[in-house]
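The data blocks that follow each hold one structure.
Paired with subunit B in one complex and with subunit C in the other, subunit A is shared by the two complexes that follow.
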Partner chain A sequence: MVSTGSSSSVVTSEAASAQVDIVVGLTSCNHASTVDAMTAALHDGVVRHFADASSRFVLADCGSSDDTVARVRASLGGVAEVVEVASTPTTTDLLELPYHRIPGKARVLRGILTAAKSLGARACIVLDAGIDTVTPEWLQWLTGPVLAHDFDLVAPFYRRHPYEGALTKGIVYPTFRALYGVRLRQPAAGEFACSSRLLDRFLDEDLWDRDGSQVGIDLWLASAAVSGDFRIGEASLGVRNHHAHADETVDLGTTVTQVVGALFADLENRVERWQRVRGSVSVQQFGDSAGGAAHQSVSIDPERLIESYRLGYQELRDIWTSVLPPRSILDLRHLMDKPASSFRLDDGLWARIIYDFALGYRLRVLAREHILRSLVPLYLAWLASFIIEVRDRGDDAVEQRLERLCAAFEAQKPYLISKWRWPERLRT
Partner chain B sequence: MVEEIRRALGLAGTRIVDAIANFLPGLLAFLLILIAALIVAAIVRYAVLRALNGLNFDRRAELFGAPLAEWTPSGSASKLVASAAYWAILLTGLLLGLTTLDAALPTQFATSVLQYVPHLVAALAILLLGAIIARFLARAVLIEAVNMGIQSARLLSLAVKWMVLIVAAAMALDHISIGRTAMLLAFGIVFGGIVLATALAVGLGAKDAVSRALERQMRQPSDEDKLDHV
Partner chain C sequence: MTRPRHKASASDALWYKRAVIYELPVKSFYDANADGIGDFPGLIEKLDYLEELGVTCLWLLPFFPSPLRDDGYDIADYCDIHPAYGTLDDFKRFLDGAHERGMHVVIELVLNHTSDQHSWFRRAREAPAGSIERDFYVWSDTDVKYADARVIFVDSERSNWTWDPVAGAYYWHRFFHHQPDLNYDNPAVLREMLKVIDFWLELGVDGFRLDAVPYLVEREGTSCENLPETHAVLESIRRHIDERWPHRMLLAEANQFPADVRAYFGDGDQCHMAYHFPLMPRIFMSLHLEDRHPIVEIMQQTPAIPELCQWALFLRNHDELTLEMVTDEERDYMHLAYSADPRARINLGIRRRLAPLLDNNRRRIELLNSLLFSFPGTPIVYYGDEIGMGDNVYLGDRNGVRTPMQWTSDRNARFSRADPARLYSPLIMDPIYGYQGVNVEAQERDGSSLLQWMKNLIGLRKLFPVLGFGTLRFLEPANRKVLAYLREHGNDAILCVANLSRNVQPVELDLAPFAGFVPIEVLGYTDFPIIEERPYFLTLGPYGFYWFELQRRDV
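The block that comes next holds the complex of A and B.
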């Protein structure tokens, strides 16, 4: 076992001298209850699918107070070599829990990628140690395309209940796809596999120390990959179930602020790229799209969401007026009177709302935190509309519905470009 | 006798003429200073207005959260700042002019007012800062309360806004020593009264509502809170 002590970016010379094919990186933070099963599954995956390849595990722990690190050492000791890149969360990290529950994630991720580079890895896979549904096949589906088919990035696609991941479905994926022209359905997922070429690019990017990197790093790495000349794939991994402690719940306002804020910040930093992109292309699929355990059932009452929207319209209309043009405010006014049965938020209107909020964020028409948090009632209105449309329908119908939504975001992209170039049109 | 009266009147007339002769140069200087101040003030107002318009100050002030535009009928923060500069120069000119009149009372008044100006500026800065903080906090509370589903979100937001404004006003008045003791007493009574009234209202009138709110807090999170949105 090789340890790098408390540094997150240094690997010992002994480790660096040994070249390996695969680096399996684990990000952990108090995941003692899941890490045994995960390491067992991953080791099994290496033995079963990559028996001829040399591999190394890299554990990047964010200051766990339980025995996560000891358990990894115990479970992999004797069967695999482990490099540890430990990182103690800073006070800033601890002040606000990120939605992915790994404080200081950018630092530990950078530690894993640096270790992988030092080890000369041909492929590097990164997984969150809190997931308790990992199977040996995940390793094959994520890493296989990189090693066998020269893909540079393989992002995961998880089967989810239609209502789950609504922020990704309703905002992140459609915007990401419209902007960068790549149909990566879960671009903010914390897991991925990358080639050595992309790994070098990731480490060269200047996004690691940017404001908000500890929260938005997953999304930013995905956008860095699709912005370059890299081969992108997507692996269907089945269900992702994350073990989260009860006291680690992040409220919706904070989640929206973190995720959408990371998306908007990325938009600002890659203007020259996304303004040139038209349309979108699909990515090659790997894995088993139909396999895995069934996703958990979720019940949610759209009436409550609509009530939240109505309260938001009554009280936050003045704030929205700073961001949205009068036409959108009028459309939202009409939505107020709609009963639940006919409550529908038009896709084009929703796309324009997101684009206008991105512009408001860029121009700082209000404090950025206020802009992002005031989006919550609008997001709940979209979620209510989405639930009413897709409830009791199958996965295919949901996919088709999302496809229509993404098409609307792509169709409205000229609206964003126009306003981005001529910001004085923000309120027209 | 008549000769004495005539001499006394002559002397009085001479004194008056002397006094007028002594006063006239001062008056002339006063008028000159006033006219110069008027011209400088007008030029400064024009220049400040042009510069602020060029800097898009109205929008920047809005973004910064400085609610200047709300305090002027024209709705323009630039015009407010330009007018403030105009009147400040005019007032300074007037006070300087008063000192040239060589009269004890106006000179003392001008000196004391000029000594007071830094305190006045500091008090205005406190008020402006208070207004900015009040506006920011009121908006933050409004958004957060709406996201928490609180029906009286606007009321909460207004309460926070006025609380901060009252504190800022009390601090500003204390700084310029206007009714210091009375202000402190009034502030203490009003603030303490608000806290006591709220405590009584919550404890007696709204205890059911509070217990329901606490129950909601203790309960499991709602379905949408439990949902994994990312």
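The block that comes next holds the complex of A and C.
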């Protein structure tokens, strides 16, 4: 019998105790409309690319009220063995529903990893059942490096419109890269493949029951991986299209609070690691960087973003002065007067703003949620500046622009470290 | 707030090498029930403060039932809590709270003696001579045995023997006459002590400070200190613990020279840690002399210890600044330098806190803490020293350094809601160190306070494991007012440079083996010029110090 932790139960197929090469883990929550195609693609991937390997599917469903579970059973019944890790969301899970809409995410993920460990899996891949762009090759590109080349973590890289995933581009990736020294471009992605060695580390990590784990768990696992002696790779999977339910609209403030809060919370737990890292290294690429469907076009009016920034400056400046030094406040004031044509948020200033917010969060200079929510207009200013710079430019130009941004975050890292070590200097 | 639950000792066998220890008397910390005496419920309320301070281990002074004639080191029952401090359930809640915050807990184990109120002693004095019960203690028909053993508390005791009219015999005591020494030649004594050890470890305690450990066994014709039989007792205790309770720690209190203390580590099969007593007075001496020699000399006399063992370092503690381990001339110098007021003297030492010893000079306080936190060993901070608390030499014994913790400027320093007259001790109220000016609340609000500085220093210490694990190598610059040393562990190296003088000092350091490395000043994360073959030149402000992380340029 597979053990999955204290708050989950398991309905398992026979033969779960046999050792397997690959565990394919699916997290689901009312994904009946996408799960058929996904399981078919994944099963196809197993047959096509890992015909000689033994495999199990592990379904971790978060209390779907539709027939997600039944569909998985039906689609895989007779062709693959399925271990089910049932997880009923708690009231807290539902009240704190995270932006990715998987209640109790940490618990279901832990269930999958625990099942994979129990099955002796050499590789474990985790995917969100709401994705409707999965192809059989995803399995190959994520799992292949683990099985064939001894990689410990293969994280996805999804093609996105330049304006898409801006929170990752503007904050999460540059900060993660500067701090941990690893150029993992989408470290908070919900999908990944890992080795048995890393799987053991994940399960040993003291992060599963932390506050905010249901939001931050994906990012925290990535930082756990890059903080250890593990081989890290990245697989280009093309476009990730996630099926959205009608009620799935999370406001930007909540998203920023959750995502950036998870990023900042993790810093406190890995100080010994990130303060000793200098520079950054790239990770080996797998997959098909040019392949897959084209990303959807997105249109954003930077004027509206700038207007939101100006409004935010007027209303939140007092909060910002609790977090930011006078020089940054003055620079932001100068930005107020800039027309859209010359509206540019300097990379170094932006990096220092993020670092000062991380420090303010750490020192609780105000309620943490207030600090994080007050970041939203500043983020919109960065986004406006970014859009103005990269609009009408190709993917390569966007990548180069992001590279310059990341370099600024790395260059400003001593600013963060010195203030972190001696917080008396917070507002100097 | 949800906290991940820790079992503090469970995951890290070498936790004591990474630790920053905070020493506190429960009675002095916080009084939750308004009876004027600190207690465990009060301590629980202050765990957040300790977590915020950054310390990782709490060492509690004795809290057991006791007549309190030696501040609790006269224990009347090893397996309970003094009712003034709370109950066993309170203690368990405290222990859980500390563990949830990632803090270990070390308690006192007074192996050498009990109170004369302990049931073992009451039973012994009534029992027939030669019986097992009688032999729990050391008896004699005369007071001349073991004449080569010195009297330790010279101010209050004239002999190590005291006549007991009930037993009709003399009993042996190395400390106060009301603290009879246990007799470890009687195997039943060790068996009982092992039960005591199991009792507390079963509750989850992470380690013991073994009080007065050199004196466990007596032999004629010896000093009755550091005897092989005493070490055999310690080996038995360690073996017993290792077989049942992994990752628990034993800390020896052996006020001896380093060469003698070395034996308390055994071959890594006795104590995990031991205090480095002689270092502390020499740090103060070096500071007053403005000369590194006393520090360097004592560290050069310090033998290597087994890899898994560790020195415990401190600047001040609940006892006097002991001057037993210095020469007579050094002692005279220390008294002249640090205790011109004879009321500050007790036994062979000086009963002052850190800040008053250093004339409340912030730079000196910072300098000495920088040494404490960068020398090879685990630092121990005495409660209140993180805010620069003062003392009261007019209180008896060593009570002047055991006054209530100063939380705020409110009545009783918010230590207690009791009537001021009911407090177990008067507060510090003088114009310099009084609680109205020196208190936690004020220093939490002041970004430049000593408390904030200490938090930062503790954070830095935890950031660099080399400071807990690394070797020590002194550099020998011509300017003896400057102390420079390297801490190295694996690929990590920290260079520490300290100016022991009140004036600016230049220094040239031979760092040729590190040519090509960049010194990164640790506090400000500032790159200094790259090291070359030629001497490396630095200047240090009055009582200034640097910690440099030495990094290869290509890293």
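Convention: the second predicted complex is superposed on the first by the 413 of 428 C-alpha atoms of A that agree within 3 Å, B and C clash if a C-alpha of one lies under 4 Å from a C-alpha of the other, contacts with A are read in each partner's own complex, and residues count from 1 in each chain.
The criterion applied here is as follows: contacts are C-beta pairs under 8 Å (C-beta built on N, C-alpha and C of every residue); 3 or more make two chains touch, one makes a residue touch a chain.
Everything numeric here is computed off the predicted structure, so don't read it as measured data.
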Between subunit B and subunit C, positioned on subunit A by superposition, is the outcome a clash or a fit?
clash
Check whether A:Gln275 is in contact with subunit B, with subunit C, with both or with neither, and answer first, second, both or neither.
second
Go through the superposed model and pick first if A:Ala340 touches only subunit B, second if only subunit C, both, or neither.
neither
Report for A:Ala40: first if it touches subunit B alone, second if subunit C alone, otherwise both or neither.
neither
Per the overlay, which chain contacts more subunit A residues, subunit B or subunit C?
B
Now for A:Ser418: first (subunit B), second (subunit C), both, or neither, which partner does it touch?
second
If we overlay the two complexes on their shared chain A, which of subunit B and subunit C does A:Ile329 touch? Say first, second, both or neither.
neither
What is the contact status of A:Arg210 with respect to subunit B (first) and subunit C (second): first, second, both, or neither?
second
Looking at A:Ala53 after the superposition, I want to know if it touches subunit B, subunit C, both of them or none. Which is it: first, second, both, neither?
neither
So, A:Ala367: does it touch subunit B (first), subunit C (second), both, or neither?
first
After superposition on chain A, which segment of subunit C among 41-49, 203-211 or 437-445 overlaps with subunit B?
437-445
Touching both subunit C and subunit B, counted on subunit A across the two superposed complexes
none
Spell out the residues on subunit B that touch subunit A in their complex, using ranges where they run on.
63, 65, 136, 139-140, 142-147, 149, 151, 153-154, 221-225, 227-230
Residue ranges of subunit A in contact with subunit B within the complex:
99-100, 160, 163-168, 172, 188, 242, 249, 251-253, 255-256, 259, 298-301, 304-305, 307-308, 311-312, 315-316, 319, 364-367, 369-370, 373-374, 376-377, 380, 383
Please output the residues of subunit A touching subunit C within their complex, sorted ascending.
206-211, 271-272, 275, 278, 414, 417-418, 421-424, 426
Can you name the residues of subunit C that touch subunit A in the complex?
1-2, 4-6, 447-448, 452-453, 456, 459-460, 462-463, 465, 522-526, 551, 555
